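Shared chain: chain A. Partners: chain B in the first complex, chain C in the second.
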Partner chain A sequence: MTGKNLEKAFLALVLMVVFGLPLILRSPTYLHILVLLYLYAYLTTSWNLVGGFAGVLPLGHAAFFGIGAYTSTVLYVQYGVSPWFGMVLGGVIASITGIMIGLPTFKMRGAYFALATIAFGEGMRVMVENIDHLGPLNINGPRGLQIPPLNVGLANLMFINKEPYYYIILVMLIAVLALTYVISRSRLGYYLNAGGEEPEAAMSLGVNVARCKLMAMAMSSFLTALAGSFYAQFSLFIHPKSVISLDLSFEIAFIALIGGRGSIVGPVLGALLLRPVSDFSRIYFGATLPGLHLIIFGTVLILVMIYLPRGLQQPLTRAYQRILNRLAQSPR
Partner chain B sequence: MLFILEDTINGILMGSIYGLTALGLTLIFGVLKVINFAHGSLLMVGMYAAYWAVTLSGAHPYLTLILVIPVMYLFGYYLQDIVIKPIFKAEREVREPITVIIVTTGVWYVLDNLTLLIFGPHYRTIQENPLRGKMLEFGGMLISVPKLWGFFAAVLTAAAVYVFLQKTRMGRAIRATSLDREAASLMGIKQFKIYNIAFGIGTATAGIAAVTLIPFYNVFPTVGVLFDIKGFIIVVLGGLGSIGGAILGGMIIGVIESVGPQFMAATWTEGIVYGLFLLFLFVKPSGLFGVRYDW
Partner chain C sequence: MRILEVRNLVKVFGGLRAVDGLDLTIDEGQILGLIGPNGAGKSTAFNCIAGVYPPTAGEVCFYGEKTNGQKPWDLCSKGLARTFQIVKPFASKSLLYNVMVGAFSKTRKRGKAEEKALEVLTSLHLYAKKDMKAANLTIADRKRLEIARALATEPKLLLLDEVMAGLRPTEVDEMVAIIRTLRDRGITVFLIEHIMRAIMALSDRIVVIHYGRKISEGTPKEVASDERVIKAYLGEDYGVS
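What follows is the complex of A and B.
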């Protein structure tokens, strides 16, 4: 077998495993953990479009997540509009917001951009916490919104079992990964990369760096909002501190950074390696050693930044390539 | 009208303490060109140090400065030397390395949660506190005594740091590194030693802020986060790198927070602060007293 065929076979195997997993794994607890794992992988991959390819450090993505969650929930609870529609509308609103945030902030460098996005995210949370009614829309301030689990079914994106959620988020994750793959090999991807690494050089070659970054931001915020709507339908309860929290913004960014910003597999690997750490340390040590997973997070983050600036994907993809080559060369 | 004046005065006092907490942030940015996301956590460490010093020795809270300042200086010095320096060495040519922001956030996570692990989530206040609830009556207005002392501490510390930077040999070396680190290195100034010292001084000022806070503020593992975000806002408002700007920026935030609730729900003042911050970022990112800076 050639290397290329081996790679395809490997990919097919992975797909078979992830699609078949709910058939073997019947426990709702594990499925719940897996749904959240895919959700995080999806969020970090969406974040990566701006944070990785465009080379800036956005730390306010929870705001877009919150826009998605609130748009679909308010429309569904108050007007009975299908969450699928709310999802897309939330994405569009988030996208417009993302562009409005990006226009003034992409001129700034490094730290200022990070600070502006933090202020934007936190400002959004404060606003939602303080507003009970936005015109005719009831967003219920700090108490949050509950989605009554009636009219279960695909049309309302609401299910009794975890399996449908599992497959929906899995398909979303695969779609966003495919999109990332396409972008990374497109003109936009190369422009973004050039603009992120050497903005002056890219601009001097005629690349409109700011426009490329804005496009990346629009896509990233759109995709993040879709995940927000999905999360609202999955947990059936949202409130400002859960969907627009600073912690969520930071977690998205740092999982992606630990995995490896700017690469396709990096953010997914980060979620794959770190989510279980946080879930299981909370399950087993939550009472005795509170905050253990965040200590691990912080330490891994520091070590990765010092020793593996391209993230954990760097040694892992290298090992994967080596195994692939060894297999391709071995006589049979 | 009197209550508005009273609120304004108390706002200025509390605001100057906010400014003191942000002083180290602006100093470290001025020299290293890095926003230290762990600054609030350093303040938290200082508060725990002061809290335990008071609780174990029974001394007057302000006396703990003798212990807290050197401890915090060394803590900051070695934090920069061991954790942050390697990044600078790896990204030597970058003017404003994003990676350092990420590392300092890692430090924040580790410090806050280690504290949670060791001391638990309890809110602690010092017992046998000679300053608790002490008020000064002044023309019909009540002014908090520990906040008044905090105001003096803030102004004195800012003045001391300013004089140190302007008048001493070491201060000149720090300013030279801040202006142009390559040129400073060529003049024989050891860049990383200066970074260590600047980080140490910045952390020590957080220690002073911590000591002024403990007589009237609770100590808990995530106390730093409150001051962290506030600190970012203050330093951008006052101008990143400006010592006087930090104190003034702090006072602005303090006045908004204490006068605002007279006119609106108290929770909205936070929104106003973020709005003002974003406005400054978009319109005048160099802040009130910021040095001109290449974006």
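What follows is the complex of A and C.
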């Protein structure tokens, strides 16, 4: 077998496992954990378009997540509009917001950009916490919104079992990974990387760095908002602290940095490692040591930054390549 | 055909007139050298021409079109490319990747960009190193990579900002040969250089600036014997015999 074929076989195997998993794993708890794992992998992959490729560190993505969650929820609860529509509309609103945020902030460098985006995310949360009615829309301030679990079914993106949620987020994750792969090999991908690393050189080579970053931001915020709507339909209850929290923005960045910023598999590896840590520490130490997962994240992050500055994907992809090569060369 | 015309260019930084009323022209196919003592305003003039800074006053015309205030990426698509005095490779990427960024300015297709990049790398004798990371290159190769990236954008006018600084004499000779081949390919070259041996050998004409003003212009021979040039480099007290 050639290396290409082996790679395809490996990919097929992974797909079979992830699609078959709910058939073996009947426990709703584990499915719930997996749904959240995929959700975070999806979120981090979307974040990676800006935070990885464009070389900046946005820490306010929870705001886009919140926009998605609130748009679909308000429309569904108040007007009975299908959450699928609310999802797309939320994406568009988030995308426009992303561009508005990007216009003034992309000129800032390093920590200043990160701080500006934190301020944006936190500002958004405080606003939503303090507003009960936005025109005719009831967003219910800090009490949040509950989605009555009636009329379940695909049309309303609401299910009794966890399996449908599992498959929806899985398909979303695969789609966003495919999109990232295509972008990374396209002109936009090259331009984003170049502009992130040496903006002046990139500009002199014909790259409109600011416009490329805005395009990445528009896509990233759109995709993040889709996940927000999905999450709202999954948990059926949202409030500002759960969907626009700084913790969420940070966790996305943690996963990206530990998994490997700017790589395609990095966010998935990061989520695979960190999500179980946070879920199980909440299950087993939630009462005695709340927030333990954040301590573990911090420690892991420090170790990774010192020993593997390009993230966990670096040694793992190298090992994967080595195994592929050995298998490809082994005599039949 | 006049490819670049600079008229009365002024660039002011606060109270400093870095470029102060500079005039110069380049005809297609020429190699023009720009020399002057450190801090004379050479790189600032380059940056004004390449669109990095908007000029405070004066005009920059590229193929007869006034380009003041146009952005570097617009000028690049019109056929003006440049290198940087302090090299700026995309360090974490391979040479091929670096050059492909330049090649993408003329095509959206990945295959075409790769083909162009490989062609440029071959012509600059960097093909064997195409998969190396730019961070691991020697200074000579980094300077060459700067040129390769700029060439991949298919420029008509190439601004070279001290591409020979820090090179060993044999490397300088190689670079001189490379720049000659650029001219043979029909690219007009405008270069800043401190290595006199190289600039004397290469240039058709030389412009000398000092404190942002042009103090001399002519063939290498004329410039080298100009009293004002010698004084600018060696000081007022230096007697010319």
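We adopt the following convention: the second predicted complex is superposed on the first by the 330 of 332 C-alpha atoms of A that agree within 3 Å, B and C clash if a C-alpha of one lies under 4 Å from a C-alpha of the other, contacts with A are read in each partner's own complex, and residues count from 1 in each chain.
Everything below uses one rule, namely that contacts are C-beta pairs under 8 Å (C-beta built on N, C-alpha and C of every residue); 3 or more make two chains touch, one makes a residue touch a chain.
Bear in mind that the values here come from a model prediction, so they are computed numbers and not experimental data.
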Study note, to complete from the structure: Counting residues of chain A touched by each of chain B and chain C, the higher count belongs to B
Check your understanding: Which holds for A:Leu289: it touches chain B only (first), chain C only (second), both, or neither?
Key -> first
Review point. Touching A:Ala201 in the superposition: chain B (first), chain C (second), both, neither?
Key: second
Check your understanding: Counting only touches as set out at the top, which of chain B and chain C does A:Asn161 meet: first, second, both, neither?
Key -> neither
Exercise for review: Check whether A:Asn5 is in contact with chain B, with chain C, with both or with neither, and answer first, second, both or neither.
Suggested key: neither
Review point. After superposition on the shared chain, which partner residues are touched by A:Asn151: those of chain B (first), chain C (second), both, or neither?
Key: neither
Practice item. Using the touch definition from the top, say if A:Gln78 reaches chain B (first), chain C (second), both or neither. Key: neither
Exercise for review: With the two complexes superposed on chain A, say which partner A:Arg187 touches: chain B (first), chain C (second), both, or neither.
Suggested key: second
Check your understanding: For chain A, which residues lie in the overlap of the chain B contacts and the chain C contacts?
Key -> none
**Study point:** Footprint of chain B on chain A - complex, ascending
**Key:** 56-57, 104-105, 107-112, 114-116, 118-120, 122-123, 126-127, 129-130, 246, 250, 254, 257, 289-292, 294-295, 297-299, 301-302, 305-306, 309
Practice item. Write out the stretch or stretches of chain A touching chain C in their complex. Key: 185-187, 190-191, 193-194, 197-198, 200-208
Review point. Mind pulling up the chain B residues that touch chain A in the complex?
Key: 29, 34-35, 83, 86-87, 90, 96-99, 101-103, 105-110, 112-114, 116-117, 121, 221, 229, 232-233, 236, 265, 267-268, 270-271, 274-275, 277-278, 281-282, 285, 295
Practice item. Flag every residue of chain C that touches chain A in the complex, lowest number first. Key: 50, 52, 71-73, 76-77, 81-82, 84, 88-93, 97, 100-102, 104-105, 108, 110, 113, 149-150, 152-153
